[in-house]
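A single structure is presented below for examination.
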Amino acid sequence: MTLLIKDEYPEKLFREDGKRLDGRDLKELRPIKLEVGILNNADGSAYLEWGNNKIFAAVYGPREVHPHHLAKPDKGILRVFYRMATFSVFERKRPAPGRREKEISMIITDCLEPVLFLELYPGTSFEVFIDVLDADGGTRCASTTVAALALADAGIPMKSLVTSVAVGKIDGKIVVDLSGVEDKAGEADLPCAITWFNEEISLLQFDGDMDLNELDTFLKLAKDALKEIYEMQLNALKSKYITIQEKYNGGQVKQ
Amino acid sequence: MTLLIKDEYPEKLFREDGKRLDGRDLKELRPIKLEVGILNNADGSAYLEWGNNKIFAAVYGPREVHPHHLAKPDKGILRVFYRMATFSVFERKRPAPGRREKEISMIITDCLEPVLFLELYPGTSFEVFIDVLDADGGTRCASTTVAALALADAGIPMKSLVTSVAVGKIDGKIVVDLSGVEDKAGEADLPCAITWFNEEISLLQFDGDMDLNELDTFLKLAKDALKEIYEMQLNALKSKYITIQEKYNGGQVKQ
Amino acid sequence: MTLLIKDEYPEKLFREDGKRLDGRDLKELRPIKLEVGILNNADGSAYLEWGNNKIFAAVYGPREVHPHHLAKPDKGILRVFYRMATFSVFERKRPAPGRREKEISMIITDCLEPVLFLELYPGTSFEVFIDVLDADGGTRCASTTVAALALADAGIPMKSLVTSVAVGKIDGKIVVDLSGVEDKAGEADLPCAITWFNEEISLLQFDGDMDLNELDTFLKLAKDALKEIYEMQLNALKSKYITIQEKYNGGQVKQ
Amino acid sequence: MMNIRRVISKIERNYIINNLKNEERIDGRGLWDYREWKIKHNLVASAEGSADVCLGDTRVITGLKYEVGEPFPDVPDEGVCTVMAELLPLASPLFERGPPDEQSIELARVVDRGIRHADCIQTKKLCIKENQAVYILFVDIYVINYSGNLIDAGGISALTTLISSQIPEGKWVDDHVEWTGGYLTGETIVKELPIVLTFGKIGDIIFIDPSLPEELICDGRISISVTKDKITSIQKSGPATFSIDDIQMLNKKAMELGNLLRDNLNLWQYKVNIE
Amino acid sequence: MMNIRRVISKIERNYIINNLKNEERIDGRGLWDYREWKIKHNLVASAEGSADVCLGDTRVITGLKYEVGEPFPDVPDEGVCTVMAELLPLASPLFERGPPDEQSIELARVVDRGIRHADCIQTKKLCIKENQAVYILFVDIYVINYSGNLIDAGGISALTTLISSQIPEGKWVDDHVEWTGGYLTGETIVKELPIVLTFGKIGDIIFIDPSLPEELICDGRISISVTKDKITSIQKSGPATFSIDDIQMLNKKAMELGNLLRDNLNLWQYKVNIE
Amino acid sequence: MMNIRRVISKIERNYIINNLKNEERIDGRGLWDYREWKIKHNLVASAEGSADVCLGDTRVITGLKYEVGEPFPDVPDEGVCTVMAELLPLASPLFERGPPDEQSIELARVVDRGIRHADCIQTKKLCIKENQAVYILFVDIYVINYSGNLIDAGGISALTTLISSQIPEGKWVDDHVEWTGGYLTGETIVKELPIVLTFGKIGDIIFIDPSLPEELICDGRISISVTKDKITSIQKSGPATFSIDDIQMLNKKAMELGNLLRDNLNLWQYKVNIE
């Protein structure tokens, strides 16, 4: 039985006025909203809206490792579980986690681990659960960005935050932060992440088609976008601490 | 490929003489046959025929818990595994246990647990295996009834027996002990169970459509039917002990 | 969707000159090539080509048992894992191991165990991994034959080698070593294996149709073929030890 | 943050029970009061309907997807609606990864049966062409934060999702389905609004909407689904037993409180209007 | 009750072996005697055929279900019969819950192959319409009590089930299958009656139909399926080895005892007569 | 034999690192040298294409099977090619039995994406009849011996398999597929030859083609797929971070070394010629 409606992509990804289909300029990010500490059972948590992406992240740890045999005697382990809700995509996803979800979980683990001091927590685990409730392109970058906030919210010592964004090429033009439709109909997509303590790249994937010059441009653009998002992360953390301070401030809002 | 024959239901569930399709009156139970102690490897066992239902139950325990992490330091655990044979229903059931079987297992566990003294058996488990070889409506009630006998047969201290039956509504009339066809073609089905030590309800499910008055009628009818079945359970237990006594009675049948 | 090409079998399994379709006489084996010690991570390994069969075997052990509860306090355990590659057969096999692979694994385990001194290795396991990369009839016999070599290569004390071959009936004639097409289109197939230390049969399966006289003929033919293959096994082991000796012989090839 | 993995201490348990005996609860509610409800709808752009429901600190997000498939042979003119539930590990340290466990199966089944038997969904409206093509709706419930009483939150969440839904309307052309350009909405699909209400029992005391600490020490629960004047589904769980009087009283309460909640929540406000 | 989980003690083992050396068995049988057979048929109303078989204390219940499906392309005019076996945990503390293990796979496979290669089922009679529709039969074996030698009990159980079967008869009308109102019965479907016989080996002694204690200390077993004058299947299992003389002797014995058992059990008595 | 299960000792680790600092490797290679490649093709008679690739002691055997199925609705005139990888337990004590783990998923995904995004396979040539019938190719990679850098060995292995392939050619007749008697070969199917190159990073030092001891102490890796003048896929793994300068340098290196390797291996020699 064919589906009623196909997931069709537009022929052109730019409007006549040169803007992208959602009205953005080439280097413009989609609207991002970040909230920290929104789940009260987890040791740390964060919520993100990024375009139509809606993602929750929660951190548990340091805690006992299940199953036991995964524990390492000389360091803690970081485990990331990236999952998509069945209804987060155009065609219903099957409930069980698939190969793509496992691969992205691994990618994000590798991306976050450099900022942690796992050697201080032998025999324990940190578990980061990331659930994408609505997906609209760039979920691995958005997930990395919100997971870093959840780690910070858990009070786990970190060398720095981690921030992630994708750059790519659509209709021959290089753009920042591809939306879902741009990701699927475009030519290239380069998700990357930065660890601010050393300003190095800790997540890098690419699928598409680029030459060495384009790579340089991609990386330059990415860096500017990453800085912009980093500021939002810092503000989200600050506003949480301000909120807490207010709560403890005799119940009175600071003037 | 369509099946050769559909599982079709009759339009009417009552005969012209006012009796049910299998000749029963409104409050009449189907024939029930109970046997205790029929499986010699289990710690306790029982067999039931109830209409066309044919169900075996066996109990193992108290024994070590597998897997270990399920064990509780302060009490024993009760685990019930309700399963249907592939050929017990109209369309062949898949061999692996499904959601329905898991749900009914849980319902029966909750129903039987109140009569046990689990706090006397810390760190151990009691396992009740219930296998439905032929199904004809009301298997969860029949399973509960036969499982209680298997527990008693295992010599496990119990506050009382447990007895279960369903009442329901078919073609607008309230009846006791719905058969398979009445269950599927009828309007409402209320399986319930009683723990005789406190005469309270320990299993209760309902799907259908009833108002508060009907509920009262249902519960009243159920209580009468439960008493009738309880007598049969007691007789089944007695006849087993009589048999054993005879065996030990110098091999001679008592006069 | 029907497949493009069916796996069809010829009507006759003998040529006009009385030879089999691949040019063999009734009692002639297919070409066999054996190599020992070809995988450098395993404790022992061997590779076999037998007609178009291509099979790797590797042995790990004695080593710790995973999962632990399988360990036996009074003896080591032998575990054999026979697997076929997806592309080793005409129609792509599903990647997960099926019932047939599990059954053959058990058959081969039972066949190899008699030559080992498992009682000398309490609490440990020997694991034999057999991977069929290309299959052409008689894979269980070929697997047993190559697995015995891998065990020997691992330096595990053995009462003797084990050798296996199939005999069978095609177009009414009794033949040795059925090829893939003979196996599928023929009337009977009797895989068997011998443990040389007592010259007894340690693997025996049959599917087809034979009377008691035919059984006698089968067994007689099998014994001759088994001897022939046994010589090849011994040569394969010898040539490995010669190679090693040469390596240690001051690096100079012996004259 | 409360560490809900620890065994609730005897002292705490007694504290909860003693309060209950005085018809008071540790969060200040009376025995028959729900915690506060907060409902958002149509938050998931990728879904054909969605709801974000908070009941106190319990939070559940539900979405609807559809497929078009063949009807079951015994009901050739009716579509299908299935409910799935997942207890996300981020929602509680008590939840583990892996295939659905008993608690998630129970949540899905009770919500599913509450809907199925209450004439809630007009399955005939989900038929595109008899014997050929019907809608299959997937109502998938994700628990985002666990603080007790998932069933009632899940029930309201599923209902709001269905009411808020907007599904491309198909018609049968020759031998296949084409999009008319219009939509089926919750207004068309949903008829009755069954409410599922869950009561906890600790010792002899019975109360509605168990909070997490209450749920963890509960001897048992009963969930009752009600329409305006009918009981449509009952599920007892946990090792408690209930007297026949209790059961009669609870069904009456369920009817009463269900009507109250239906009025208060006014779920039809979440329907989508399409010109 | 015997605790069969404990390791059988050396003393007990020696006792069994010493008896066997004198051609005696602990339950009083001779080396070539079966335990008592008890057979009931057509006990499962929901199945299209069924059998309840006891071999001593071993008890096996088997049922048959059918589906109508497309034939395999290489045999477009033949139906299919598959055998599944499940070792129910209620049958023995040795059996665990979970997916089929080696022992249940072996049981199903040996019974299946005994049937498949003996011209037992007339697969062409299971064809409704060449290339289009054939019967797929599922013969599912459930072990209810385990007291040794499941294979022989399973084999007789599967055979009785097939003989007792009664399957709605279909005919091909236009492009689908319709019920004729008649039935295919075991009399039509079953031709040969292959008997599977299992021999145990302990040390140098070989005997038929191992009881549970014998089976637990067996070095190995051979199961041989025979029709009146042919061997149709052999399966050796366990770490024992057998001399060529043993194998010849056992196949002869199997033929002999198989014919005897076929006569004694008279399985055709379980066929269903339909007017 | 090296026991690769043991933790690599500090001494050994330091030895490897100190060598690397002098741009030397423990097996004598320079930083940008591959180990020796050995390639055999069409060794599996049952497969429609196959390759046996050794990279030093790492050995990978890959085979191709096909099915004919319906195309995806959004690309009705294109066939499909999927890559699966299995790390056989015989290849290393580090590999365990069971369903695919992260490492095998990564291997399959990186090889798959390298092929998919490089215009390597002409999927339109895999169409038999638009909307009706296309080829589905299964490229299945089995790791036979594990000695580091499975990705590059797997990539060359998949490519050689595709080049060596020979698939029965179908045509659409009425409503089904018939065999023309001819074959589709790698020459028709394969266009670009993307090479995937993997770089390891230990401390500050980066090098190509990690051997097993290097891989076990690696902080991270980057795999880059390149065609003659384009980068088509990148995958970073492991907890290392890379400076932007490193990344630019590595992509340049990948292009350079990729072209060199493509020339040296001359994979087109493995195509099959059919008269």
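For clarity, chains are labelled A, B, C, D, E and F in written order, and residue numbers in each chain start from 1.
To be clear about the criterion, a residue touches a chain if its C-beta (ideal position, glycine included) is under 8 Å from a C-beta of that chain, and two chains touch if they have at least 3 such contacts.
Since this is a predicted model, take the numbers as computed values, not measurements.
Legend: contact pairs of B-D compared by residue number with A-D, C-F or C-E; the interface matching in over half of them is C-E. Averaged C-alpha coordinates give centres for subunit C and subunit D that are 58 Å from one another. Subunit B and subunit C have CA centres that are 52 Å apart. Note: centroid distance subunit E to subunit F, computed from Cα atoms, is 48 Å.
Each of residues 2-3 in subunit A touches at least two other chains.
Touching of two or more other chains is recorded for no residue of subunit F.
Order of chains around the touching ring, counted from subunit A in the direction of subunit D, is A, D, B, E, C, F.
Listed in rising order, the residues of subunit D touching subunit B in the complex are 73-74, 100, 102, 105-106, 108-109, 113, 116-117, 220, 222, 229-244, 246-248, 251-252, 255. The touching residues of subunit B, when paired with subunit E in their complex, are 1-5, 39-43, 45, 52, 54, 56-58, 60, 63, 66, 81, 83, 85-92, 95-96, 127, 129-131, 133-136. On the side of subunit B, the complex with subunit D involves touching residues 2-3, 6-8, 99, 102-103, 106-107, 110, 113-114, 190, 195, 198-212, 215-216, 219, 223. Subunit D makes touch with subunit A in their complex at residues 1-2, 4, 43-48, 50, 57, 61, 63-65, 67-70, 84, 86, 88-93, 96-97, 99, 133, 138, 140, 142, 144-147, 168, 170, 176-179.
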